[in-house]
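In the two assemblies presented below, chain A is common to both, partnered first by chain B and then by chain C.
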Partner chain A sequence: MTIEVKIPTILRTYTGGEKSVEAEGGTLTELIDNLDANHPGLKDRLLDGSVEGGGDLRRFVNVYINDEDVRFIGGLDATLADGDQVVVLPAVAGG
Partner chain B sequence: MLTIDQATYDAIVAHAKRDHPDEACGIVAGPEGSDRPERFVEMINAAGSPTFYEFDSTELLQLYKQMWANDEEPVIVYHSHTATEAYPSRTDIGLASEPGAHYVLVSTREHGNSDGPVEFRSYRIIDGEVTEEDVTVVPQLEGATP
Partner chain C sequence: MRFDNLLQSVGGTPLVGLPRLSPTPDVRIWAKLEDRNPTGSIKDRPALLMIEQAEKDGLLRPGCTILEPTSGNTGISLAMAAKLKGYRIVCVMPENTSDERRQLLRMWGAEIVSSPAAGGSNEAVRVAKRIADEHPDWVMLYQYGNPANALSHEQGTGPELLADLPEITHFVAGLGTTGTLMGVSRFFRAHKPSVKIVAAEPRYGELVYGLRNLDEGFVPELYDADLIDSRFSVGPRDAVRRVRELLELEGIFAGISTGAILHAAMGQAAKAVKAGERAEIAFVVADGGWKYLSTGAYEGTVDDAEERLEGQLWA
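Moving on, here comes the complex of A and B:
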């Protein structure tokens, strides 16, 4: 199974400048682990603490599976299938 | 330095005044690598707050997909401060995630929704470091694409 993940400019230092990379996983948690195995450091930029420790997606990082914000479809437990497209976008926000 | 045309400058200021006392936000997109702010895109402040702004996550994705389809990038990311100076707050600095963009801040603290001058300032925010830059307003961007 192969899933295309679009990487935002700010995180391309972890992907050697690549705008999108391929990854695998049946859930978003697995996908992020797989991403981190190939691009060490990415997980820490996406998650707030470890999943085992109750960590979750960082508040100001948005992840979409086939255009759906994962917060509405199960968060880290959201399921993935071959050919899905994942987009990571940092929030545009401030005070 | 940020070079911006008068119409886009006016549109950003008008948006900030209209949404006062809440913060207004949006972007100006341009061709990748061009540093030309050409396409003004007003966004809704999903936070609807006088002290915070955030693009709605669904609209954010739509916006980026549009830019990718057009080979564009955000040349300007703008928002307003409605009670404080036009300088990036700690939150602005912590959340800035477009190292290639000009971060424009407009302060409406002086005249609110009314006519009158505003502070209009521009910054680069990279790895938590803020660098202010000059703003040059021109009648039209040179060599405008038709």
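Moving on, here comes the complex of A and C:
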């Protein structure tokens, strides 16, 4: 099962400059672990390690599965299927 | 309808059905035409209430200077009200915003301070906060954290929707300051809690997300995730495609961000059809397309339009 993950400019130092990388996992937690195995350090930038038990998404990190914000579909437990697209973006203002 | 002056005519906008975009008679889509406000956008509602509240609180007095970070519409609304009420206004606006917005701001008498394109509205907020420190006597209404922003929708937009569409099942709006969604959600959570609140967030080009580090990210102080049921990220391609469909099929000429909102509304409609459920989905037409003609979003192929919007703050 392969999932395409789009990486924002600010985190591309961890992916050797790649805009998009492939990763595997049935849940977002598994996907992030798999990402970190191939791109060490990425997990720490996405998750707030100060929280007991592995942490949650950092406040200014937004992750979308097929354009839907994961915070509303289970957070780190959100499930993934083959062919899904994951986008990681920093939170920015509108208005 | 008669009003004593322009400011009193804010709100009370029409809700129109979209028979061609609605998938079935049981799943219908409705457009709340917020472009029918005095300066042509939904922002007239929060701008007016923020000013009135600041006057009530004694913060704004005759001769005061208003300062506001804005990507355009809020600044335009504030400038109109400031002109009528006799305040000076300074707007901090990212440089990658359309020329029409700058021209309109100047016409209504605003002074514009440009903030860098990279970082988008985050930078405008940062620059405005710095200027506020330098000018402690200026009044920053601060739409991202001012409760009157959300309150204008809790008292206006929400009740209008329920009155016009008592059978409403979904409300879909854009996520910028989060004021529209927070206010309308508070109203429905109190008066019809079954209504699903859906956010459509514009996804810009990379330039706009060009922060120096993740700690420079920004979540408006008004935002409360518990007041939202789902949140979608919509890129310029889907926004342009939908905004053109809206004109082609229903005759409505809307701004680009409305295309993103319609895209999320259509997603909810498709979901309801698939589940065999009835749905009455109301979404916000935040403004008309006039201010975005120069972006090139309305001409040529969708590919061309997408390319031209790269790096622009189109919502």
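By our rule, the second predicted complex is superposed on the first by the 88 of 95 C-alpha atoms of A that agree within 3 Å, B and C clash if a C-alpha of one lies under 4 Å from a C-alpha of the other, contacts with A are read in each partner's own complex, and residues count from 1 in each chain.
Definition applied: contacts are C-beta pairs under 8 Å (C-beta built on N, C-alpha and C of every residue); 3 or more make two chains touch, one makes a residue touch a chain.
In this text the structure is predicted, and so the values were computed from the model without any measurement.
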{"item": "Partner chain(s) touched by A:Ile10 [first = chain B, second = chain C, both, neither]", "value": "both"}
{"item": "Comparison of chain B and chain C by chain A residues contacted", "value": "C"}
{"item": "First (chain B), second (chain C), both or neither touched by A:Arg45", "value": "second"}
{"item": "Partner chain in contact with A:Tyr64 - chain B first, chain C second, else both or neither", "value": "both"}
{"item": "Chain B/chain C common contact set on chain A", "value": "8-10, 60, 62, 64, 67, 69, 71, 87, 89-95"}
{"item": "Sites on chain B touched by chain A in the complex", "value": "25, 27, 43, 47, 51-55, 57-58, 60-61, 64, 73, 77, 79, 88-92, 95-100"}
{"item": "Interface residues, chain A side, partner chain C - complex", "value": "8-11, 45, 58-62, 64, 67-69, 71-73, 87, 89-95"}
{"item": "Chain A-touching residues of chain C, taken from the complex the two chains share", "value": "69-71, 74, 119-122, 124-125, 143-144, 174-177, 179, 199, 201-204, 206, 208-220, 225, 228-234, 315"}
{"item": "Residue ranges of chain A touching chain B (in the complex, touch as defined)", "value": "8-10, 60, 62, 64, 67, 69, 71, 87, 89-95"}
